[in-house]
Every structure is written in C-alpha cells, then in structure tokens.
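In structure tokens below, several structures.
Both of the next two complexes hold chain A, though its partner changes from chain B to chain C.
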Partner chain A sequence: MAQIELEHITKTYGDKTALDDISLCVRDNEFFVLFGPAGAGKTTLLKTIAGIEFPQKGLVRIDGKIVNHVEPLNRNISMVFENYALYPQKTVYDNIASPLRSRLHRESEEDVQKAVVKVAKMMSIEQLLDRRPGELSNGQRQRVALGRCLVRTPNVYLMDEPLAHLDAKLRHFMRSELKEMQSAFNTTTIYVTHDYTEAMSLADRVAVLNHGRFEQTGTAHEMFYLPSNEFVAKLFGEPEINLFPAELTAEGGSVRLKAFDGEVTLTPCADVVPELEKGAKKLDVGIRGNDIGFSFQQEGRDWIRGTVYANEPIGNKVVMTVEALGTKIRLVAPNNTKAELDQEVYLRFNEKNFIYFDYETQKFIVRSDMDRYLRS
Partner chain B sequence: MRKKLFHKSVDNGFAVKNLSFSCNDGEFIGILGPSGCGKSTTLRMVAGLEKITDGDVYINDVRINDLLPKDRNIGLAFEDYALYPPLSVYDNLAFNMRAKKIGEQEIKKSIDYVAPLLRVDDLLKEKPTALSGGQKQRVNIARAIVRRPGLLLLDEPLSHLDGKMRQTLRQEIKRLHHEIKCTTIIVTHDQMEAMSLADRIVIMKDGELQQMGTPLEVYDDPANVFVAGFIGEPPMNLLPSTILRTEGRFLFSFEGSDVRIEVPQRYASIVRDGMSVILGVRPVDVLIADDSAASTAVPVAVYEDLGDERHISVRIGKSLLNLITEDDVYYQQGQIIRLLFHAERTHLFDPKTGERIRA
Partner chain C sequence: MNNKNEIDSKLVSSYNKRKKRKVLGAVGRNLGLTLYAVFALFPLLWMVLCSFKPDTEMYTTVFRFHPTTANYSAVLIGTDYFKAFYQNFVVSAFAVLITIVAGVPVAYALARYQFKSKESVAFTILSFKFAPEILVCLPVFLIFQKIGLYDTYFGLIWVYQLVTMPLLIWVLRGYFEDISVEIEQAAQLDGYKWYEIFLKTLVPLVKPGLVSVGLLAFIFAWNDFTFPLILSGSNIQTITITSLRYLASDTVHYGQVAVASTIAVLPEVIGCLFIQKHLVRGLSFGAVKG
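Entry: the complex of A and B
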C-alpha cells in the first residue's frame, strides 16, 4: 500500500523525448490506468516507476520516499508484463511461488503454499499447478503471470497490458474477472492499456498519454462524456466519435449552427449557447454513433439524406457508415439491421449529445446538461 | 447466370475432412475458423496449390481438379503481399498479363480500371518499399483482380494490418465486391471480418464444416456449441447445467451455485429431470426484470460502465454470466438484481456432442 508520486519526469532516448515533464499522483489503494496509443510512453512511465528505466529529470516517490536511486527489487513492487515472462523450466506452482522465495522475502514453505493456493483459486488455475508454461494455453499463461504478480501484496502492482495478447473473447472474460477481483487487491495498482474498454471498466482514474504528455487525467466517465480535447474524444468509444466543423450564426435572434458548407442548419440546446457565444465562431461538433437516429424513409424535413457506404456487425450491434454531405458518418444500429450498399438512408442528430470543441485548438468547450456528467 | 460449385470430400491427413459446399455466382463467401481448422487448405485446393486426396472441385459445373492453377481463371491475394520489390506498382500489376503476352494497350486499360477502385492510382510509379502495409495490400488485391478473374480468393488479407487500416480496407473490399460483383472467397479467423464481409459464412473446425449460413443465421441460430461460442462478441454465455424438476416446473441448476433459472416453456417437451445440457444465451438476451415469478435473484459480481453500454456480470458457480444493457443504470457489487432470459433466444446444447438440442 502506497501513494505513488511523479514530479516533472522527463525521459529521452537520444533526441527523442519519451516522457515530457510528467507529474502525477496516484493515491493509495487506487486502481489507476495509463491509457494511450502505441508509442505514447505508457510502458516507459511504468518502467520508470518500477526502476527499470531512469528519468533524466524528475523525482519518483513511493510512499513519500524518493526512490530514484533505489534498485527495482527494493522498491517493493510487483509487475506483470505483456509477454508474461514466465520461467519455462519451472512449474506453475514454482512460478507463482518465486516472488515469495526471493532473497528479500524468503517466506516459509508453509506460508508460500498457502499464498500460492489462494491466488491459484482466485485465478481458477488450481488444476494447473504441476504443469509447465509450455503445456499451457495463452490464456492460462496469462493467468499464471497475473497470479505470480498478485501472490503478495506489495506497495504497488504494475501491470503492462496484461490482456493484450489474449484473443478478443478471452480478453472480455478476463477483464470482467479482473474487475471482480479488484476489491481483493488491497493495494495501489497502475495498469497500462491501449484498450478503452479496459480503461472504462477497471479504472478509478485514467490518465491519457500522448507523445509523452498527459492529455487528460480523471475518471473514465469524464473521458467519455467530457473529453478535454478531440484526441481524447476519438480514443474513447467504438465506433470512433464523428467530428464535423460548424459555424455559429444568429438567425432572427436565435443561435444556429451552420454545418456541411451551410447545407445543414442545427439548433444547439439552450444551455450551451452562453458558453458557445463566448468563444470563436468556428467549432468542431462531436457526436457519437449511438446518438444518431436513422431511417430508410424520410421521416421529416430536418433529416439528412445519405447513402449506405458500409454496414458492419461489431458483435451485438451494427456499425453503419453513411456517406452524406461529402463526408462519412458512423452510427450504431441494432444487430439485425439489413442494408444494401448505396441504399438511401436518412439521419437525424440528437443535439442534446453534441460535444463542442474549438475548431483551432481542438479543445473542449461545452456540452448540454454538463451537471449530469460532472457527478462522478 | 453462371453457377460455381465446389464439392470437396478430401482427406489430406485430415487437414480437411469430407467438406462440401457450393456458392452462387457473384456471392461473397467467408471461410471462418480458428487456426489449423483447414480453411487455408480449402482455399489452396480451390486455387490448385494443394493436391486434393479425394473429392472434386467444380467451377461452373466443370470439374477443375486437374487444371493447373494458371488455367483456373482465379485471382489470388495472400496475407503477405509478395510484390516484386524491384518493379513499380504498375509493373507489378502488369506482370501476369505480360507473362500471358497480353498487349500493352490492353494491360493499361485493365490497370486504369482497377487502380482507382483500390485507390492505388496515385501510386503506380512507386516501388513496393515506398508503400505502407495497407497500400501494399491494396496493390496485392488490385493485382489479383486486374485480369478480371471468374473467382477471387483472399487469404487473411487484413491480418497484417493495424486496427484502423484494417477497418478501412475491410470496407473497401466490400465496396470493391459490390462494384465488380466477382464471386469471392475470403479466408479469415476473425469472426467480425467474416460477419461484415460475407453474404454467407462457412464455419470450419478441425477440418470439418460446422455450419454454413448468412451472418444472421449463424448468429441467431447456431448449429452447435462451437459456432455459438465462436460467433459474436462479447461471446455467448455458455453454462453447463443440470435440469431439475420441482413442483412440475423445469429449472436449470448449476454446479457450485444456488442459482436456479426457469427453463423456457418451449423446451418443456424435450427436457427431463437430471438431464445435462449447456445453456447458451447472448449477453444482450439476458434482461434485468422487475419482481416477477419467472425471474431469478442474484448478486452483481461485476459492473462495468463502457460508455455506450453497461456490462453486468453475475457469478454462477465457476462461470461469470454476462449481460449487456444500454439503459443508464448503476449497480454496486453485491447488489441483488433479478434476471430474465429472452426465452426465444435461449439455446440448449448437448454437452457430449456439442450439437444443438432443438425444441
């Protein structure tokens, strides 16, 4: 159990900056997710906390103590790697037991056995304890690696994309199981992933990392509903959020949005107007696929006409890509939606769910019903 | 209307076992299965790259077993691009036609038609090394269709590409098929790819056909427990269960769990006390109910808010039963909820054979 603090961490490789003046405080007992695209610096940051990488600048504190010069093994951390890194010659039992038998800990064999059996039960691998890693499936190996990490309670668990190598189905189950176990962790966890569903499901708080800098830190709920900029908005949600430019105009005293070369006029909700009027006239409007209605008949004059570009099932729903107004708009349709390519389709945006960004800076301005999303 | 018919009963040391299916002219067929299921072998037999031990392959009712690959009028694109590195994109596209002594003028006409379809018309002068993975695969597919073959075969064309590019090219392959209407067979291990591209899907496992049907058929009406678990994401809940009969009602019971779930009425005539089944139900078909006699009270084990939808899991013995709702609800771990199964969408499977038990 410990609080982890990073102060002004900078890490460069040659002339490439991997971490750029990163400051962060992960609270004691928090499940903290580092999230971002490949190459963002997530793993480097995790390794800096572990003591495997050394920052050129900045301090790392664990439990209030500066640990920059403390060897990894003396930092009392437990790590699980993307590629599992199990000892191939050791049985599952001995792999899981290994942290407890290390020079530092040297627990009695009786205690070791108790701890191994307990964690093996938690991971549902009791029946595999005599096997070697080579005899296990990918999913089983990953459970063993997690078990080895969780077998003792260190200052902090560091987990580097532990589910990334599993196939989609296994990943789904393991994510839920990890979430179920979370309350039993009883220590701080820092978890790296590039999968937004893992971030949304597991995290108490998330930090979005991009080019070695934080784009946003907060709850996953905030990332999804109140993204601080377009980059974050695009990372959360499947299909990716639709973004289109629009211009703020006044028509006979009412505020309107002109979009798609003036072909579409939209009416922003009343509660966002004051905020919109403060800023620049040019905006980017974001709307998620769930918030767009569609019909194969023209339901009303304000419905936008388009054609079906693609109609693809993504599991329990269909993502329809519609070509309209010179752009492609992605929307979510029910699982049994049938559509021919190039078929006519009509769309309607739900303006209540527009997220407004500044066109120039791509930074978040406002969305309707802000209070509701600020609750979490 | 030309009809293409494949009929194979093959025994390649059991790479593919007694497989028969046919596809219609202009159809897009997906061959789907886990690695080692024989899907690529099947494709290679159609292409003539793999000897067929036993059985026949027909194209337009002509048996083609003994035809050389080059005489089958087939276009082929594999997972790796196999472009000629010293040649430009144009020369790569022209290569096979030049080998066939087709005139340069006709070659140019063919390339001018195909290149824009795959958005490689701006790349014709480039060498393959200058191209991204997605561009190389576009060129590769363009080369496969440039001679307008009767049949296009694609073997995992998207699996080398990263997420976004894969999505884009997947849509473009579908659009390409829509444009040229060439009978196409794609081999893939990715169920989402097969579901979004194919008119009908051939699902294979261990060299054997499991089911052939439209995407909705294999999703809604799986023939066996393998198909049920393979198609759909998040996957179908598959729970081993024993049927109990109490007070004239049938209930699903589960090892290591007190949870009892009422067996849908439509199965009343085929279940009996003590029968072992696998109960299959998709996460979207488990509903949260109000107090009703038919619903089952269970504590929430996991609550996940994923933005667009919320996933809730309850523990039933060793398994987690997952359900998905788009309703804006919040549950704490341990909170009691009542579950109701969508009766029409609850499937039973035989735990020994894996076959579907139909009402």
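Entry: the complex of A and C
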C-alpha cells in the first residue's frame, strides 16, 4: 500500500556503475517487474529500495516521504532474496515466523501460528515445518523464503527471482498464486526476473534494465509488440526475434526494402513508409518466428528458399531453424510439423508484422498498424 | 534356470565377501584408533601413576609400586595449591571472557566491513603471536613495574590477551565470512535491530567456532608459563608457577609435581568432555552453510 519513487539513483561499486541515473515510479498496488539479463543491476535496485544498499546519488521515496536515511527495518518492506537468506539455525517454522516475532511487528504466538500455517499451506511446505533449511532442496528453500516474505503485510513486497529454482509445474502454480494474492492483498510488488514469460504473465508494468539503465518501461504488451530497441526485442519472445539488415530504395516511385545483400526485395506496408522515409536508409528489420509462413513446396515467386537446420518440437509448438540466405532464421511451426534435416523449405515473411529499427542506433522506428498496438 | 542360480550364488558370495571385508575393516580401524588412544593417553596415565608413587620408587619403570597418598597431602595440605588454582582460574577465565567480549566484534568487523588497510590490521593482530613470549615479557615487565600493574590480576589478564585474542579473532573471522550478508539483511527487513541480529542470528551461527576457540584460548591461558613467571610475584601465583616450587635445588619431588599437574589438567579435560560435540565441528572451519 505504497507508492515507490526513485529519483536519479546512481550507485557505483568502485569504478563499476551498477545503477546509472535511474528514475522510476511504481504506483500503489502495482505489480511491477524488473526484467533484464544477469548483472544488469536488478538486485541492486531492489536492495536500494529496501535500504540495504545506499545510492551515491538520488532519492528514494516511499509514499512521498524521502527514506534515504530510514533504516531498513523502519521502511516496512518484505523481501525474498535470490539466495534465500534463510536462518540456518532455525526451523522452517521459526524462519517463517521470524518477521512476526520481531519487536516491530510482534503478534501473539497464536496469531503467528495461524499465519505461518496459512502461508505454509499456500507454499505446500506444511510437512517441512520442523526441518532446518540445511535439510531442504533448493526449491523447498525458495518456498520457505517466499513464505517468510508473504507472512507479513508490508508496504511493499520485493521479490528477487522468487520462482527461479522451482520446477516448471510448481513455478506455474506459484505464478498464478502470486497474481491472485496480489489482487487480494492490495500491495505494491516489485518483482525481479529474467524469465520473460514470468514478466509477461505477472506484470502490470515491466521495466527492462541493462547495464544499470532502463531500456524501456511499459506494459508487457508494449515490450513485445513495440520494443524500444533491438535489445528489448531480443529479450522478449521465444524463439528470439529474427533481425536482418535492409536498405531502403525507391523503385519506380514505390518504396522497397533490399535485404540479404539485395537478394530479396520486400515491400513495406504503406502506413509505415512516411515514417521510414524520414530516417536513415539503412535499417534493421525484425520479425518474430510466428509471423513467418513456411512450406515444403515452392509456393510462389516471393518465397525464399532455405534448408532445415534444426527442428525442435517443444510440446505445443515446433521451433524450426532454417538456414537461408546465409543466416539462420527461427520460426514457429505447428506441433505436428515433421522435417528432415537439410530438407528444402520455403519461407514467406508477413510484412505486416515487420518491426523496423535504425541500423546505427538500433532504436525502434515504426511498425505497421501502430494504433492497434498503442490502443491496447 | 541353472544359469540364474549360478548368478544368484555368485552375487550372494560377493555380497558376503564384501560384508566380511566391511567387518574386518571396522575391526582394523578400531584397533588402530585404540592403539593411538593408548599412545596419546599414556603420558597422562604415567603422570597419574607418578602422583601415587613414593619418591623412592619414582625411577622404576615397572608398574609395580607401593601406592601412597603422601604426595597429595603434601601438595594439597602443605602448600597453598588451592589458592594458586583459584587464582589461575580467575586469571584465565577473565582473560577468555574479555577476549570473547572484545574479540567477537573485532572478528565481525574484519570479516564484514571494508576499511583502509584492513588486511594490515588483521595481520598485525596475528603477528602478536609471532614474537616469543619471553621477548615481549621484558619490556612489559618494566612498563608494568612503572604503572603498577606488576603482580596484579588485571596485569596478567591484560597481557594474556596477547595469547588468546589473535587466535579467537582469526578463527571467528573465517566463520563470519562464511555467513552470507543477506542473512543479516533479511533479519533487518524482518524488523530486528542490529544488536538483536548480532546476538540472535549471528552469534548462534558462529557458536561452534566460538565454543571451541574459547576452550582453546582457555587452555593456552591456563597453561601459560612465561608471563606469570615474570609478571607476577608473591600476590598472584598461577599453577604453572606454583609447580616450580616442588623442584628444589637438591632434589626434585616428581610425585608432588605429578599431583600438581594432574589436578591442574582437570578443568581442561572436563571442559573438553563437555563441549566435545562442538569441538569436532567447530575446528573444521567453514562448518556454517546456509
């Protein structure tokens, strides 16, 4: 139940910059996901909010009050640590009960027991309450850590990859549980992850962090359809987005894209042309795997010939990697697709779904039918 | 079918063989350990035997002698042995207490905080143990004479810190370094104050090390000879110094020395037995794992 604001936060370790002039406002009751590769500064950002790490510059506000000089215990924050940080000498029960037994948040032993049992049930670890953390698997420890965080109702929940070590099924279950809890408890949550599906399914808003700076802040939808640059585009989506350079040319009055050293000529949609003509001639074109059509027969003149490089069935879909025009193109095929290695295959790009980036700056320029994506 | 039986019988015989080897291994291991225990404990046993021997039979190496308690009455009743025992205990116990109270925070600071020339400070503390005690003693003697600490409890307790403090700091520093800093941070967010975190979370985690190193420090302090020899006079007498008295210039009363040593060893042995569990775990460094 609090709004978190960061203003121009800079944090360095020696000559290494962990956070570089970060400004952020996480609204009340928001589920905010920090997303980025390892070493991007996600954990440092969380710890700065928690008050465990101190920024060299900038202000941290909770509910409008500047808390730079408030001790962590008085910030009323609950956190899940990436390495669990359980107390090894205490049982699971005492670990989870610990926040409720401190002088600040003390409750009667009866209430403590009720709360602990409730949380343990939710994490399905009620049979482990008498064990010590040393006797648990990593997944169980992670659930205990999550339990210790959720047992209290603080201003903000900070979660540092709380589901990273759970098995896939449990992760899925916990994901929906967290989402459910979020709407039931009405608390602000800041959640760190490097799994884009987690980010997309949980987040009200996502911030992509890289080298201590935000690449983009917005809804998961925006990240996926309107990535602000190639870095963000590559982070979201599986298989990774296909990017290839292309050059803008005018052929007899109509605008064309010459790609793959001029071997392929593509026609951009009419609504993106004005925007494209404003910028540089050299572009990067991105297209996601599920926007590429494929066929094992030559269907038409504009189909591109390639060979199957790899074919990975992953249950509900098949990720096919095709070697064509000197690069590898990843596309999504229906799950009954069978293909031999090195088999001939023909591809067709759906121009409507091209995302255009500047070749030099790698920044987003435009995509077709922008209004539709901006609306939703 | 036949073939299967054959395989079965082969499996059984190999299982039996392995079992036999396991039993033999256990017997051999225990035999070896027993031999070693006898070897290690023999001096102790010999000392106890000597304490019951009359002076005339002291040099016989057979185990047959006429047991006597004359040595015990000579030492315990004839001299102020108990006073020395008490004083030795006071000095050693307080020395260890001060070491723990002051040394644990130092070890924590050396493990956690980054400050200028941290390693040099740590090394300097360790280097206190490098110099031979006798070398340190002479200047300290002169200083103590000047400032009136010669032959006082406080003087000895203070100078014993040279013996006990570096040991404790270096062992516990390793323990604190093994505790992930996130555990402290988690405790902070749970709503605990720094001293609660230190006492309730950190101290229990380093307890095995603390107990064993505390005992070791106590043993070193209890057995120290050089410092009390030079820095104390008639007021404060530790056991090690009192035992000297039985070495007269003409004869050596080995029986009485043996009595003095036997009783002097008791607190250490009892202490060791009490904390045996911690001792084994505590001295294998890095036993604290999250």
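As a convention for this text, the second predicted complex is superposed on the first by the 341 of 376 C-alpha atoms of A that agree within 3 Å, B and C clash if a C-alpha of one lies under 4 Å from a C-alpha of the other, contacts with A are read in each partner's own complex, and residues count from 1 in each chain.
Heads up, the rule we're going with is that contacts are C-beta pairs under 8 Å (C-beta built on N, C-alpha and C of every residue); 3 or more make two chains touch, one makes a residue touch a chain.
Bear in mind the structure is a predicted one, so any value in this text is a computation, not a measurement.
Asks: Let's test your reading of the overlay: on chain A, do chain B and chain C clash or fit side by side?
Replies: On the superposed model, which is not a single observed complex, chain B and chain C fit side by side.
Asks: Could you tell me if A:Ser176 is touching chain B, chain C, both of them or neither one (first, second, both, neither)?
Replies: A:Ser176 sits against chain B, while chain C stays out of touch.
Asks: Please work out whether A:Gln89 is in contact with chain B alone, chain C alone, both, or neither, and reply first, second, both or neither.
Replies: The second partner, chain C, only.
Asks: When the two structures are laid over each other on chain A, which of chain B and chain C touches more residues of chain A?
Replies: Larger number of chain A residues touched: B.
Asks: I'd like to know which partner A:Leu341 touches here: chain B for first, chain C for second, both or neither.
Replies: first
Asks: Quick one: angle from chain B through chain A to chain C, Cα centres, nearest 10°?
Replies: Given the fit on chain A C-alpha atoms, the answer is 80 degrees.
Asks: Would you check which partner chain A:Pro72 touches, where first means chain B only, second means chain C only, and both and neither mean what they say?
Replies: second
Asks: Rounded to a whole Å, what is the shortest Cα gap between chain B and chain C in the overlaid structures?
Replies: Distance of closest C-alpha approach: 8 Å.
Asks: Shared contact residues on chain A, chain B side and chain C side combined as an intersection?
Replies: none
Asks: Where on chain A does chain B make contact in their complex?
Replies: Those residues of chain A that touch chain B are 124, 168-169, 172-173, 175-177, 179-180, 183, 197, 200-201, 220-221, 224-225, 236-238, 288-290, 309-316, 321, 332, 335-336, 338, 341-342.
Asks: Residues of chain C touching chain A in their complex?
Replies: 180, 182-183, 185-193, 196, 201, 204-205, 288-290
Asks: Can you check the complex and tell me which residues of chain A touch chain C?
Replies: Per the touch definition, chain A meets chain C at residues 47, 50, 52, 71-73, 77-79, 81, 83-89, 98-99, 102-105, 133-134, 148.
Asks: Using the touch definition from the top, list the residues of chain B that touch chain A in their complex.
Replies: 170-171, 174-175, 178, 192, 195-196, 215-216, 219, 229, 232-235, 282-284, 301-302, 304-308, 311, 313, 315, 318, 320, 322, 324, 326, 333
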